[in-house]
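Presented sequentially are two complexes of subunit A, the first with subunit B as partner and the second with subunit C.
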Partner chain A sequence: MNSLRQIYTILYKDVLLELRSKDILTAMLIFSLTVVVIFNFVFEPGSAEMATSAPGILWVAFAFASNLGLSRSFAREQENSNMQGLLICPVDRSAVFTAKVIGNVLFIFLVELVTLPVMVLFFDLSIGAVWLPLLATLLLGTLGFATVGTLFSVISANTRSREVMLPIMLFPVTVPVILAAIKSTAWLLAGRDLGQVWPWLRLLIAFDVLYFVVCFLLYEYVVEE
Partner chain B sequence: MKSIKTAHLVMILLTFIAVEMALYLTFLYAPTEKIMGDVQRIFYFHVSAAWASFLAFFFVFIASIAFLRTGKAHWDRLAASAAEIGILFISIVLLTGPLWAKPVWGVYWTWDARLTTSLVLWLIYIAYLMVRSYTTDAERGAKFAAVFGIIGFIDVPVVYMSIRWWRTLHPAPVIAGGEGSGLAPEMLHTLLFNLFAFSSLLITLLILSYRISTLEQRVQALKHHS
Partner chain C sequence: MIRTEHIGKSFGPLHALHEVNFAIPQGEWAALLGANGAGKTTLIRMLAALTRPSAGSIEVAGFDLERHAHKVRQRIGVVSHHPLLYGDLSAEENLRFYGRMFQVENLQNRIDELLSLMELKKRRHDLVRTFSRGMQQRLSLARAVLHQPGVLLLDEPFTGLDLHATDLLTRFIEKAIAGSVTVFMSVHDLDYALAHAQRLLVLCKGRLLMDTTPGGIGRDQLVELIRE
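== the complex of A and B ==
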């Protein structure tokens, strides 16, 4: 089996599992909507601050929801020693890592696709002209987050307090991704032209590549039994 | 073990002399800054502590790589010791900073790139120690900590750059401290000597912490034997 096939097979298994149970997706979705609702109390309805803070709120919601999903996604592998089974398979560790990252990106992105229109509705944003670069920003931000998160979720699942450790590790380390993602989103929503947003998107891509390479190399040390 | 003990004694002596001299230079030799006054003297300790913390975190990074490659437990103990000492120094930075900022800038804290990075750095290495102690299996905990120590260190310049770009494109209302540009020669001497004194203090504490963890490990081993 070549590695693309291996990645596809593991990904297929994860997606199938999630589609059957839907527990992670539902939890993430409701959670991110809850965050958006809670944040509405911070501002006067219809004030200008609301529109300028929208990108920040959006990413806080996504970051918190991702954290929830990421910690669950690995915890599920621990039940019935699934992870051992996966590691015993004649599959490269890097294929396992890549498949897990893609899976996590997929789930988080799906949640974002639902949260974004709700946000547009609640905060009266206009994304008509920029929807494509906006989706690209969401995808790139999510990739950075999911890459680091996939690695850290293995670590946190093996600690005494389980889920508690993930945000403590994940949030400080992913500060650059969050900053670049918020900035790109803010400028897109503010109607700046793409030439101005591009440096931030490029930065986001650079961060994604850096994190992916580092986490990819370190993954095998984390999963080995 | 014997050679470490000798090295430690030498370092203790050296640090003792260096710190005394650093105190003399800081409080008596260095001239009083014209605008900021005596409070500026905190600068020597502040910058030196920041330097010592970066050095310590660099040791964590190197020792973590060495541990993952060789699997030798002493690298892990060195990384853990360096992280503890690094947190000590970065805490000194975070405490002396506001003390200096309040009279000079008028606020204890501003979300400038350097300040924010120091705080994020502090959070990252606290998480590093937590990963180690929260993992039930000590061997895996060491590996997790090493992985986290490597990512954390690579992350530091990235965090700094990202916040810098974020802020320069969105200027903060308060001034960024711009010293270093016109430093008087006596001030420069004092600063350089303080950097040396803090580095030597760092090494001394590091050896101490390393020796303690080595003893702890031996006690553990003896307990298992009996």
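== the complex of A and C ==
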């Protein structure tokens, strides 16, 4: 119960800081919208290539925008050594990790909720019947990406070229999540039966659980040195 | 109280601390002296459960740090040369955040009391990034004592402070000592340590060279020891 209250306290603090500075959301939004707009000019309007490329473009935009957000999210804790301030509190490191993951998922998902309608509009996509499983795909993909990113942002913060190190470590490890998310999105947008999409969603869930458990256990050792 | 037994800390081939043994009883003010790189910050980080010793054991506030780090954290207050405050939160919001993390009861009353004590009541709603270094350090001390810890660990808390802020902090520490709080402070100012601390520990290249009282050593001898 105490841990839940502490998770809420950290999360509330992170949201308050973001509402004041807006630097994480602004950076992620500008990046993801720019990607969507640029790719919109690459294809002929209404072409088959446009529809088949859309899921990949969408996840490239989300993945790279998330990388920006994750990097900034931990940098905020480094200012004034605030991470040290968190670690001197009588709170389990796992609670800190959980709060950070929830915060990162929240910020990334908000950006996705803004970017998706723009994508639908520019790429002439139809999501009317599949909006719910599509949102589930976004959430599951984001969870996997943010979980690994939350751990790796701490590791990369202690390296000399942290802005470069985070994507170098993050993207290869999260390839299974990104691929499953792209496949699931593609099949949903192609109007496939939900039964055919389910294996990809199951894979996403499996990787989310695996990543969360491993990162949850490693976080304590990563933040303490 | 604080007790260390044969503690050491290595970072790869570098031995930051080696065989450090001391015991500070409850309610005593101990000053940790040493040149830059002597291992003072590493020692304080270990006492604050921020880093684990490579060897030996530490007991703080009656608990073994290795086995009961959580209980130790509930009983210590830490002030370092970084204020450990969020610049985009106000003074009150910072204290409320830490108060909730430490599950302080009657939090609003405690925040009011500490902001008054640190002469920051008028600036309670201002963002911390607009504060001077001295104000940030006073707020940092308020953060550290919010949960009324039995042990205060202070890592060069006077860095960049003016006379008024130094006086305020000193008075606060003296009051804490009177209330049986153990204070362990690293400091560069020898005269300050000789005038106020009840115990002097001298670290040199990761080894504890001396553990004495201010009456047990002269200033010149202390300077020589630190230079070694």
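Operating definition for what follows: the second predicted complex is superposed on the first by the 221 of 225 C-alpha atoms of A that agree within 3 Å, B and C clash if a C-alpha of one lies under 4 Å from a C-alpha of the other, contacts with A are read in each partner's own complex, and residues count from 1 in each chain.
We take it that contacts are C-beta pairs under 8 Å (C-beta built on N, C-alpha and C of every residue); 3 or more make two chains touch, one makes a residue touch a chain.
None of the values given here were measured: they were computed from a predicted structure.
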{"item": "Which superposed partner A:Arg20 touches (first subunit B, second subunit C, both, neither)", "value": "second"}
{"item": "Which of subunit B and subunit C A:Thr9 touches, first, second, both or neither", "value": "second"}
{"item": "Touching partner for A:Pro176 - first (subunit B), second (subunit C), both, neither", "value": "first"}
{"item": "Partner chain(s) touched by A:Cys215 [first = subunit B, second = subunit C, both, neither]", "value": "first"}
{"item": "Which of subunit B and subunit C A:Ser94 touches, first, second, both or neither", "value": "neither"}
{"item": "First (subunit B), second (subunit C), both or neither touched by A:Phe207", "value": "first"}
{"item": "Touching partner for A:Ser53 - first (subunit B), second (subunit C), both, neither", "value": "neither"}
{"item": "Touching both subunit B and subunit C, residues of subunit A", "value": "none"}
{"item": "Subunit A to subunit B touching residues, read off their complex", "value": "148, 151-152, 155, 158-161, 165, 168-169, 172-173, 175-176, 179-180, 183, 203, 207, 210, 214-215, 218, 221-222"}
{"item": "In the complex, subunit C residues that touch subunit A", "value": "48-52, 70-71, 73-74, 76, 78, 80, 82-89, 93, 97-98, 100-103, 143"}
{"item": "Partner subunit A, residues of subunit B touching it in the complex", "value": "68, 120, 123-124, 127, 130-131, 134-137, 140, 143-144, 146-148, 150-152, 154-155, 158-159, 161-163, 165-166, 169"}
{"item": "Of subunit A, residues touching subunit C in the complex", "value": "2, 5-6, 9-10, 13, 16-17, 20-21, 79-82, 84-92, 224-225"}
